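The same subunit A turns up in both complexes below, where it pairs with subunit B and then with subunit C.
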Partner chain A sequence: MSNIQSPLPGTFYHKPSPEEPVFKSPGDAVAIGDTIGLVEVMKTFIAVTSEVEGTFVKYMIDDAAPVTAGAVLAELA
Partner chain B sequence: MTLEIIKPGLATSVQDLGRPGYFHLGIPEGGAMDRLALRAANLLVGNDEGAAGLEAVFMGPEIKFGAEMSVAVTGADIPMMLDGDPRETWTSFTVKPGQVLSFGFLKAGARLYIAVSGGIATEPALGSRSTYPIGALGGFEGRAVAAGDAIPVGTGAVVAEGRSVPLALRRRPGTPAVLRVLTGLYWHRLTEKSQKAFFDDAWVVAPEADRMGYRFRGGTPMEFVDRPQPFGAGSDPSNIVDGCYSYGSIQVPGGLEPIVLHRDAVSGGGYFTLGAVISADMDLIGQLQPNTPVTFKRVKMDEALAARAARKTMLADIRQALA
Partner chain C sequence: MAIERLFIANRGEIAVRIVRAAQALGIHAIQAHSEADTDMLAVKLADEAICIGPAPSKDSYLNIEAVMKAAKDTGADAIHPGYGFLSESPRFARAVEAAGLIFVGPTADTIERMGDKVAARQAAIAAGVPVVPGSEGRIDVEDALKVAAEIGYPVMIKAAAGGGGRGIRIASNEAELRTLAPQAKAEAEAAFGDGGLYIERAILSPRHIEVQILGDGDTAVHCFERECSLQRRRQKVWEEAGAACLDEPTREALCASAVALAKAVNYRGAGTLEYLYDEATNAFYFIEMNTRIQVEHPVTEMLTGVDLVAEMINVCGGAKLSMTQDQITRSGHAIEVRICAEDPFMQFMPWPGVVSKLVEPNGEGVRFDHFLSEGYQIPPFYDSLLGKVIVHAPTRNEAIDKLVIALTELEIGGTKTTVPLHLTLAADPEVRKGAFHTQWLEPWLAAGHLIATKGDAA
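Up next is the complex of A and B:
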């Protein structure tokens, strides 16, 4: 099990844009460098990438919810 | 001598105390969002207070040092490592050539100031090294730093390790952050109900907040006193014909979300401004994260001047502690 944490405070998004599907769904393979979500701050979207390999379990923060730096965004198995 | 940027962080830029004197031409003063923190960082490493350092926001960069020098990081509360060994913020330490400074997750505050002995030695533009990215002016090539940049550093003597700013002199916003406000020329445009609500409401920092302006949301939409809009003002009641904007002035486009204009703001425009955050509290804004609760407190000029004097005393105390 490993967690992916937010690199900075802002608003967390599960999707690249509102019309598109989520970056990862439960059971998806996650490779190092895969984007699992976006954090928006100062009118900039920052891609949150995985630094480990694994299987996506779930998002730990709701879509479009505020996050702090270090908040656990997603769980990998 | 250089600093090599391995990871840039988010919008990390070279900043000093700014370039006063050009605001009437539309070029903002710029400079550090938390001026006291930059001054303290410079004093810790033996620099002039106005030397240029790096301002990083919400996350730390990763920096490799090209020579032996003294380093201090002030402002936000963030874990910091030199080649993996913890170092304290607000405290001087010495780095050797090839060592790497990296940061953990931000704990409190928003902006960190990284000073090195000798200061950042990029070419000044209009009397300042501060980066104004929209105007591609100052700093390193007029932009935020990027991976692979070699930032020039001036010549300075290495100082003692462990020089530290006393805890009581590290100024931080509270929770909620209280920002003191002097009402201004256009205050009369708001109804009495909205005037009261502005100071009574609980606001939070909006994620759009940046070096140009800090935006707040969560309060009651404002109502304006009826008037025939003057020629040229447009139909929105939050519009005026045009006016000067001061550093710290608070505009409320559409009466919805107040924006406090900060270091890189424009100098004028067509929104009414209800007042201004007092100069003594502008540094605190630079340390606010998105979603931080904020209230605005009305003060009179004598209180604003007393707060400015108290801030000067604090700076004098920091100078004395590090003399």
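Up next is the complex of A and C:
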């Protein structure tokens, strides 16, 4: 099990845009450098990438919810 | 009806500015805030505060129903929208008017008219204000050649149905236009299903010059011009009053044109007319009007001594303008720089830290408009503007020198800021000469001028 943390405070998004599918769904393979979500900070969107490889389990924060720096955004197996 | 209870539907440094202006006028200040802004400075300073919703702007500062309910619940008789958020929303202004409250700004109809590029251009032409020469409405390729011959090259070719810069091409002569216009038409058809074109004179490397106006619905005055050519991603970073590049007859003609348009639309409140200025031909062209107070209003206040925020509150409360045109004079030179929570050495990455230390610059002719205090967590949900350092001195050279001292005195611990950018700009010989335009800053950054100074500028 490993966790992906938010590098910055802001608003966390599961999708590249509201009309598009989520970056990762449960069971998806995650490679190092894969984008798992976006954090919007001061009107700028920062991609959250995985530093480890594994299998996506679930998002730990709701889509479009506020996050603090270091908050656990997603869980990998 | 003079305003007695003013509701401030904004946040950050401009909310602080408005709260203080209201209190100085003896008006009860009611500050709106989101759940993320409970401990912001304007909330602490205001006579009363009310939460209008969750952190995201769309649920709070942009939520017309929530703002209107809070204004009614607190017994407000007027609403100041600040800048950004709902300040140029005709729907919001109309809701305020319908509720029987005063909107501190022009009428909803004026906001709507001046917010529409085509309607604003028509109003400008009708008032005798120069606009960028171009085709009136959509044209085809053959017409484009005729119009271009009339307005002169270079011309910019735009898709009539377009936006966001797509399909824009620049032709410097007829041969290029013959090649590029059909391409633009084909691309516009593919992108928008509409091959209509629009052409206008391309003003290459223009300066951005704007005129501050004040109106009371019957008459209008100007408070001279500002130059805001130093921009990054269309955001102003450094603003001056006045524009040192203008000669006196041009300044007079520019400011008179702004007053003519303000009078033509019976403007009420503070507003700004933005122009492109072509230094090579000494010509200015109206591009748009902002129907609100602007971020950079303090440079005009330093130049003229006019309190723009107090004046807009008074005239919207029904008073006549407190001054005539001949009573508004300019003295010296003022410069403002925007202090943002961004790391200029890391592509201006936002940096919403906790303010661990705050030392404000001070002294004669130095002003620091901000919303910070030690221990304050800068919220990540809004834009990165933390404040503005404004200086005023007898000459532009002395103003730059004073700016360097003020920026060196300023200390904001716990976060990255754009102060190093401004110190590097202040040390740049081209900036010192005032030799810049709207296309100057981005290539300057790309060429590594800022990075080269890392270590000694900060």
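Note that in this section the second predicted complex is superposed on the first by the 77 of 77 C-alpha atoms of A that agree within 3 Å, B and C clash if a C-alpha of one lies under 4 Å from a C-alpha of the other, contacts with A are read in each partner's own complex, and residues count from 1 in each chain.
Rule of thumb we're sticking to: a residue touches a chain if its C-beta (ideal position, glycine included) is under 8 Å from a C-beta of that chain, and two chains touch if they have at least 3 such contacts.
Please read all numbers here as calculations on a predicted model, not as lab measurements.
Overlap between subunit B and subunit C is detected when the two structures are superposed via subunit A. Within the superposed three-chain model, A:K43 lies in touch with subunit B and with subunit C [touch as defined at top]. Touched residues of subunit A were counted for both subunit B and subunit C, and B has more of them. Legend: residue contacts after superposition of the two complexes on their common chain; A:G10 is shown touching both subunit B and subunit C. By the touch criterion defined above, A:G33 lies against neither subunit B nor subunit C after alignment on the C-alpha atoms of chain A.
When the two structures are aligned on the shared chain, A:G70 is found in touch with subunit B, with no touch to subunit C.
In the three-chain model built by superposing on chain A, subunit B overlaps with subunit C at stretch 3-11, while the rest of 3-11, 147-155 or 183-191 show no clash. Overlap of the subunit B and subunit C contact sets on subunit A: residues 8-11, 41-44, 46, 66. Remark: subunit C residues 36, 55-56, 341-342, 349-350, 352, 380-384 touch subunit A in the complex. Within the complex, the subunit A residues that touch subunit B are 5-11, 40-44, 46, 66, 68-70. Interface of subunit B with subunit A (complex): residues 10-11, 57-59, 104-107, 207-210, 289-291.
Taken in their complex, subunit A has these residues touching subunit C: 8-11, 41-44, 46, 64, 66.
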